[in-house]
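Take a look at these structures.
Same chain, two partners: subunit A is paired with subunit B first, then with subunit C.
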Partner chain A sequence: MLGELFYIFIFPGFVFLINFAWIAEFIDRKIYARLQNRVGPPWFQPVADFIKLLSKEDIVPAASNPKMFKIAPLFALASAITAFFYIPLWKADALFSFNGDVIVVLYLLTLPTLAFFIGGWYSTSLYSRIGSVRSLMQLFAYEVPLFMGILSSALLADTWSLREIAVFYTSHPYVWMFNLLGFAIALVSLLGKLEKVPFDIPEAETEVVAGGFTEYSGRMLAFLRMTLDVEMIVGSALLALVFFPFGLNLHPVIGFLIFIIKILFIISLISLLRTVVARLRMDQMINFCWKYLVPLALLQLLFNLTMKGMFFR
Partner chain B sequence: MSLIKKIITWARIKSPWILHFNTGACNACDIEIIAALTPRYDLERFGVVLKGTPRHADVLVCSGPVTKQIEDRLCRIYEQMPEPKFVVAVGACACSGGVVRGCYNVASGIDKVIPVAAYIPGCPASPKAIIDGVVKLLASLEDKEAKK
Partner chain C sequence: MHNSKDFKIPIGPQHPALKEPEGFSVALKGEKILGVDIRLGYNHRGIEKAAEERTYIQDIYLIERVCGICSHSHSTCFIQAVEEIAGLAVPRRALYIRTIIGELERIHSHLLWLGVAGHEIGFDTLLMYSWRDREVVMDILASITGNRVNYGMNTIGGVRRDISPEQSQEILIALDILEERTKYYIEVATQESTIIKRLSGVGILSREDVLRLDAVGPTARASGVKRDVRADDPYAAYGELEFKVITDERCDVYGRTVVRVKELMESYKIIRQALKNLPDGPIAIKAPRKIPAGEALSRYEAPRGEDVHYVRANGTEKPDRVKVRAPTLANIQAVKHMLRDRYLADMPIVIAAIDPCFSCTDRLIALKEQESATGKIISWPALHAYSLEWYKKQGIDFTALNKKLSAKGLTG
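Let's look at the complex of A and B:
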């Protein structure tokens, strides 16, 4: 009981996750700046931003629905953190596990997008409404390739439980290399989930100011930004487990270091991608996701089914 | 000054988010403000990020003498910003009206409409002057909090 509470609140739960999210945001911004030939922010920048936002005035627009407006950021943050407890990190075991938890994690990662929509919609500003509708529209484009990419790996392991996936890939080393195409697809889809640059259509600041976040200020904005950072960590942890499931049966300290390296590798890939590409239009993004990502994900599924029939019966 | 107050002041100084608003300038000061935000000068070193909405901003960077038409809008944008907030007037026109001082259609200076925390003269003010002005504003904020 005490151990579980420690897992949830201290390590690797709430406290560790939030600190790691700050580090990840710093690394993301620093790589982004260095690739643009800039110096970039100092290491404490995300912490300073967070504390400053906490100490600022909270404005609730008179036309908004105050209850929904205030609850949406907390709801988003809570669901992103909850998803973290189902993912095995550096050993082939998680805090909670049951058959089908890969679906639960994917849906818990979808809930923040829904919360952004609700918050943006109920703030009753024109820009927020356009931005929040865009974020829902985008959901229909990236969600299918993300699910297919991650479930193709689960299909090869013949289970829908993240713990069993970890056990399978630990007992069959090098099999994870079959899923590299799926990793590329899931990484591109994750950019859409995190609203990062090629797919930052919902908060495109040259078009819709700040999208669903336009009317948020102070504490609630701090929680929304924290949600995106935590989502980045949880998404990367999920991808790291499903597509790079090695180093899970080693000594916990070595396993922890490998876990950190895997997460930082995925985050650097995300920053690299968001530096080298420009924002797409909504129709271009939906075309791209359905015309290229989904067929590639189907190819990965077909390949995995063939491999499963040949080798893992 | 208690520890929490100190931490909050530190965070405010390290993370000023700005909103750029043209109050009727000839566009020269705006180009210089944008130049100060480009990779060459890299204001993100000081934690400065350009935001699109007044709700996220701490510092309102205005350029230009306030024309009659934009006066109401300037007040509305200022009121939409959450406390604590600061206004920086960039360029001779924003400080005092400049070449159009006393014209029938301008208010001749931002401080005739809303309180201003820092004045940056120049026609146009160079990016280096703008960065210097913002840094001095933040330093004065620290002194003010220390005196309380």
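Let's look at the complex of A and C:
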């Protein structure tokens, strides 16, 4: 019981996760800045931003629905953190596990987007409404390839449980290399989920100011931003487990280091991708996801099905 | 333009996409733009009127501040008109120096535009890169003229500073760096698929529309209209220099990007020639304080398009009338046309593609009755009384303060 509470609140739960999220945000911003020939922020910038926002006034628009407006950021943060407890990190075991938790984790990662929509919609600002509708529209585009990419790996392991996936790939080393295409697809879809360039359409500042976040300020904005950071870690952890499931049966310290390296690798890829491309338009984004990502994901599924039929019966 | 039942979203007067205050009211259906209402007038500074109350020498500095980016364009354009009225024969060396500064200014303006365009389509890396390279030309301008913007180079009858051989060497070195960087941008613009996707087919303005709406500058040239004052009506040293007028047949924002980037290459060519053929001689002749009566219209190809100044002199040391037509005013009508049936996401880049400079364009405040098209002209005392009334309705009473001020003679 105490051990579980420690897991949830201290390590690798809440406290660790949030600190790691800040570090990840710093690394993301620093890489982005260095690639753009800028100096970039100092290491404590994300923490400083968070503290600053906490000390600012919370403004709730008069025309908004205050309950929904206030609850959405907390709801988003809570669901992103909850998803983390189902993902095996550096050993082939997680705090909670049951058959079907892959779906639950993906579902919990979808909830923040819905919460952003609700928060943006109920803040009733024009920019917020357009931005929040955009984030929903985008959801329908990237969610399918993301699910297909991740489930193709689960298909090969013949299980819907993340723990079983970890066990399978640990006992079949190098099989994860079959899923590299799936990883590429899931990574690009993750950019959509994290609302980063080229898929930062919902918060495109030159069009809709800050999209669904326009009316948020103070503490609630701090939580929204933290949600995005936590989502980045949880999304990367999920991708790391599903697509790079190695080093899970080593000594915990070495396993932990490998886990950190995997996450940082994925985060650097995200920073690199958002440096080299421009923002797409909504119609182009939907076209791109359905025309290219989904067929590629189908190809990966087909390949995995064949492999499974041939070798892993 | 559109009825009040549409979903209208305000872009401006304060909005992250706009660098200057400017009102766009966009009627939307989903993401699609049904219509746009443009409202100028948030940044009126009354420069034309102020110019009438100052001497010609003071006016140079005032006119230079019409625009921050194309300051040399406006001051040269104004001075050309004054020199024409006074009948001054400007030394050739001064004309060449004006040309060099004008082209350096074009380089810095186009690089700035490239960065802004990158930012508008969410490609901040391009912004950071092109603005870094813009520093090279800014440093050169600072070392020649002493200022990064508002160079203060022009004076009636010539220029105020000479370009020494060492400085011209400095310019040539900078040009080599810039040329190499520009080649890289051409490569980026022609190969990076997200840029091409976001820019091509957006903001279409056909050749006929350019002629009908009288667009100028790169906006017109990107639709295949060969319209460039430097070639059509050469001023300064352009008549003696070799250069191509860049045009493009794409008619969209991508074409405008290509035109601007290629124009950078032409600018390097022009500056190199001008430095090579820089004639000897004085850089200015003495101009009279009082300009004889007369009028003149002067044209200048600013980085954004054709700039027109009209000056009427009455024999005193102050002009009788100065009229400025900044290039943005000619292009702003085209924006409305270009936005028709496009998506909201295209709005920032389509506006940015004419390289707008709203504060140069602003010239009068027209008060309109809400929901009616008729305008109304209010005299100053009536406007004053109206504002007092308006604040009283908001619960703030300025009447007492106003009495105090008018007792001291501080209000109209």
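Following the convention adopted for this analysis, the second predicted complex is superposed on the first by the 313 of 313 C-alpha atoms of A that agree within 3 Å, B and C clash if a C-alpha of one lies under 4 Å from a C-alpha of the other, contacts with A are read in each partner's own complex, and residues count from 1 in each chain.
Here is the rule we use: contacts are C-beta pairs under 8 Å (C-beta built on N, C-alpha and C of every residue); 3 or more make two chains touch, one makes a residue touch a chain.
The structure displayed is predicted, hence computed values, not measured ones.
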Discussion item. On the A-aligned overlay, A:Asp283 touches which partner chain: subunit B = first, subunit C = second, or both, or neither?
Written reply: second
Item to complete: Please indicate which partner A:Thr275 is in contact with in the superposed arrangement: first for subunit B, second for subunit C, both, or neither.
Response: second
Practice prompt. Give one of first, second, both or neither to describe whether A:Leu126 is in contact with subunit B, with subunit C, with both, or with none.
Written response: second
Item to complete: Tell me which partner A:Val197 touches in the superposition: subunit B (first), subunit C (second), both or neither.
Response: second
Worksheet item: Looking at the overlay, what does A:Arg38 touch: subunit B (first), subunit C (second), both, or neither?
Response: both
Item to complete: Please indicate which partner A:Val209 is in contact with in the superposed arrangement: first for subunit B, second for subunit C, both, or neither.
Response: both
Worksheet, complete the sentence: Intersected contact list for subunit A, partners subunit B and subunit C 36-38, 127, 205-206, 209
Response to the item:
Per the touch rule above, subunit A residues touching subunit B in the complex are 29, 33, 36-42, 44-45, 47-52, 55-59, 127, 205-206, 209-210, 213-218, 221
Item to complete: Note which residues of subunit C are touching subunit A in the complex, please.
Response: 7-10, 15-17, 28, 31, 118-126, 128-129, 132, 192, 194-195, 197-198, 343-348
Worksheet entry | Complex contacts: residues of subunit A adjacent to subunit C | 35-38, 126-127, 130, 134, 197-198, 200-201, 204-209, 275-284
Worksheet entry | Residue ranges of subunit B in contact with subunit A within the complex | 7-8, 10-12, 14-15, 39, 42, 44-45, 47, 51-53, 55-56, 58, 80, 82-84
